[in-house]
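Next come two complexes, and both contain subunit A; in the first it sits with subunit B, in the second with subunit C.
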Partner chain A sequence: MRKELPLLLTVLMALLVIFSYYSFHLNKLDILGTTDKWVTISMTAAVLIGTINLTRVQATNVIRRKEGWYNSLILLIVLYGYMILGLIQGLKGAQYDWLFQNVWVNCDSSMFSILAFYIASAAYRAFRVRSKEATVLLVAGIIVMLGNVPLGNLLWNQIPLVRNWIMEVGNAAPMRGILLGAYIGAFAVALRILLGIERAHLGGGN
Partner chain B sequence: MQIFKDASVSQFWIMLVFCTIVYVMIRRAKAGMKVPPIRKINGLEAIDEAIGRATEMGRPVHATPGLGDISSSETFAFWGILGHVAKLCAKYDTRLIQTNRDEYIYAINEEIIKQAYLEAGRPDAFNPDDVRYISGWQFAYATAVLGIFQREKVAANIMIGYFYAESLIFAEGGYQAGAIQIAGTTSTFQLPFFIAACDYVLIGEEIYAASAYISKDPVLVGSVIGQDWGKIAVFAFIIVGTILANVQAQGNWLKDILSK
Partner chain C sequence: MNIFDRLQSIDKRILYVLLFFAIAFPLVNPVPLPMAIAPPTRAAYEWMKSLPDGGVLWVGGDYSASSIPELTPAGKAFVRMAFEKNMRVIHFTMWNTGANIMNAWLTGVAAEYNKQYGVDWVDIGYKPNATAILRHMTSNIIEAAGTDFYGTPLADLPLMQEVLALSPEYVDGIVELSTGSPGSATYLTYVVEQKGIEMVVACTAVSAAGDMPYFLSGQFKGLLNGMAGAAELEKLSGHPDKASASLGAQSFAHALIILFIILGNIGYIVNRRG
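Take a look at the complex of A and B:
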């Protein structure tokens, strides 16, 4: 029953959702809207599971005085302190909002900005001329970069056109091919789950 | 009497045709008829090599499904690989650190890994603290994963799923930690980052073939063959549609049918 019950529930819900989407009459009943609400409710409950795991892992670090245990302690203080502050003040509370705008937003933006440096280091490795493919990548990359800045137009006024052709033809065609294959692959996965063949998500491989 | 919702008739029939193709291939495989093998996929072959390297170095393996949620087909593709990775890690006594940004996926991953350790005969080696929920926020998750890479010095980094801007943060972080990296996604925006920064990349649909490729189960392989036939049918539609769009001056019966 450990695997059969989840499989049965999956098949029943999948069929309900599929027919609700296509059927004129079932669509009027707004079954999809109802199931969306169920998902939202269960997701709220799942937050608790995540919080318990986070607390257990970080508390273990603190109790066992593992390397960098003070970071875990800070995390726990912030996690529960901010949660309590939110419960007392609500989402529009002055201190609650101040901490979000002046701490959280800045930390998030800092991490996002690190991407610029990572792009530079990844591009350096990718553009090193080691093979014919890397050479094509290097040439295409230089044209696209030059096409995006005024300098490219200054060097040769056709560069923006070449850049557009690379992006809209050379780049878009394989991207669409990859996406088509991916959509059909996703469809086959859905069918495998519906037929109970794909059971990896139930544990113990297939 | 109206049966179908407006503008969904053609979608329904297309879905039914695809279902039939895949189902026929699965039935053929079940009946023991010959099923063509799946071509060699280097990224999947490299999983064993990556875990073997981590074992030799005595360092952990990290696995992430990215930012996809429980309804993402990419997450199901990750699950197809996770059981195999966990079994190998249990067999070789290599530590597996699995991080998550979704509470649902975390709970399922924990079960999959626990079951894999049980099947490998090493239930005692399973450490629940190594399956971690980090944060639902993208960059908070990315920051924590970077920290894990640096502190734990992971030797192998497996990233299969749906990724957003954090893809390159993970890939570069893994590179700096000296990890062998295997990535796979259907996101065409993140694929170039993975190709630039990772050792092996599963491109698009290759991630969906993982469970069939790893298990070698003829029924699963049959469904992948069905998937390929579906792809051939779509490309035939594209070619016919392109010809009709160029030949017919007005109206296009194929477009009209598919618009209904």
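Take a look at the complex of A and C:
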């Protein structure tokens, strides 16, 4: 019953949502509007469960003085401090917004800016003309890099046109194939879940 | 170790320092460079111009701080064009990190044009389970979202009393600032294809390859490719801003990386033949 009931619910809900899209009468009943609310409630509950679980794990680290316990303490202070501030002040509260704009935004931007340096180093070391395929990749990469900035246009005004061709023909054709393959795969997985063949989402082993 | 071995293994710290100056110098001393307009950017610009004066533009701000340099300038250029056409602007984000970022610059641009909040523009902000909320808004915005960014009931705002649903009857077009999922594909699935509203997308440069097929198929009416696309729209719309100013830095950085790649390959080819 632990497997059958969730499976039955999955199949029933999936059929209800699918038929609501295609049936005029079910669409009129606004079943999708109701299920949207259920999803919101479920996700909110998931956030609560996640917060409780995170607190339990991190608090254990602090209480038992495990290695790096001070990181767990900082996490808990930031988690609950920012949560309480947000609950009191709202999204546009002076201190809440100040912390977001001046701490979080800068930290997030800095983290991704550092990636530029790593990518530059990786590109220098990895891009070698070791084979014909690697040479094609290298030449296409350099043209797109140059075509994406005004310098390419300054060096030779045809570079942006070649870049456009690479993006709109050389890139788009295989990308369409990849996307089609991915969506057919996603459809197949959805169908397997709907038919009860795929049961990994129910958890547990045997 | 000969010179060609050295060319293949230049200390990465040298590359880091040079890259830092290649980015910093043009930012401090902007270098004007001639810019070619890519067809997807021109299509986005023409689409914006074709929207009716006084209409309603829906802006999706689905990004976080890491994409601010690429997407905020694009968003500003679109919203400036909209306000110049006396269009009303409604913003909604499916990213919780996007709410405060979008509100900060939208407030600034609205102030430039003396636009009144609630009448000329509304910021719905972020709502939990945003994908389901977005789908629900295609039939009823007030019921789906409830309140705006500030916690004010949407039903109390004059603009939202007029714009009842995210559908072609009320909204003339969508500008989506997209950096991943949920983003442009979410709008495509739940709004563009089902409701028939036209949409243009500004995406990060890394997403452009994946978004290009949708532009070519006509599902996106225009596509801005990263910071370069934003700078191109700034140029076309006559509002040069941060994207235009930053393109010099991006040019120098790209040139430096290409130079290092060429040096590494010269070392590799000569050594292989030797």
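Basically, the second predicted complex is superposed on the first by the 191 of 206 C-alpha atoms of A that agree within 3 Å, B and C clash if a C-alpha of one lies under 4 Å from a C-alpha of the other, contacts with A are read in each partner's own complex, and residues count from 1 in each chain.
Going forward, a contact is a pair of C-beta atoms (placed from the backbone, for glycine too) under 8 Å apart; a residue touches a chain by one contact, two chains touch by 3 or more.
The structure displayed is predicted, hence computed values, not measured ones.
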Subunit B versus subunit C as contact partner of A:A94, first or second or both or neither: neither
Which superposed partner A:M43 touches (first subunit B, second subunit C, both, neither): both
Touching partner for A:R192 - first (subunit B), second (subunit C), both, neither: first
Contacts of A:L5 with subunit B and subunit C, given as first, second, both or neither: neither
Touching partner for A:A116 - first (subunit B), second (subunit C), both, neither: second
Subunit B versus subunit C as contact partner of A:L179, first or second or both or neither: both
Touched partner set for A:V105, first subunit B, second subunit C, both or neither: second
Subunit B versus subunit C as contact partner of A:M167, first or second or both or neither: second
Intersection of the subunit A residues that touch subunit B with those that touch subunit C: 43, 47, 107-108, 111-112, 121, 123, 125, 175, 179
Subunit C-touching residues of subunit A, taken from the complex the two chains share: 30, 32-33, 36, 39-40, 43-44, 47, 90-92, 97, 100-101, 104-109, 111-112, 116-117, 120-121, 123-125, 127-130, 138, 142, 145-146, 148-151, 153-154, 157, 160, 164, 167-168, 171-172, 175-176, 179
Parts of subunit A lying in touch with subunit B, wherever the complex brings them together: 18, 21-24, 27, 42-43, 46-50, 53-54, 56-57, 60, 67-68, 107-108, 111-112, 114-115, 118-119, 121-123, 125-126, 175, 178-182, 184-193, 195, 197-198, 200-201, 203-206
List of subunit B residues in touch with subunit A within their complex: 2-6, 8, 11-12, 15, 18-19, 22-23, 26, 73-74, 76-77, 79-80, 82-84, 87, 103-104, 106-108, 111-112, 114-116, 118-119, 128-129, 131-134, 136-137, 139-140, 142-143, 151, 165, 168-169, 171-172, 186, 188, 191, 193, 195-197, 203-205, 207-209, 211, 215, 217, 219-220, 223-224, 226-227, 230-231, 234-235
Subunit C - residues contacting subunit A, complex: 10, 12, 15-16, 19-20, 23, 33-36, 38-39, 64-66, 68-69, 97, 99-101, 103-104, 125, 128-129, 132-133, 135-136, 139-140, 143-144, 149-151, 205, 208-210, 212-213, 216, 225-226, 228, 247-248, 250-258, 260-261, 264-265, 268-269
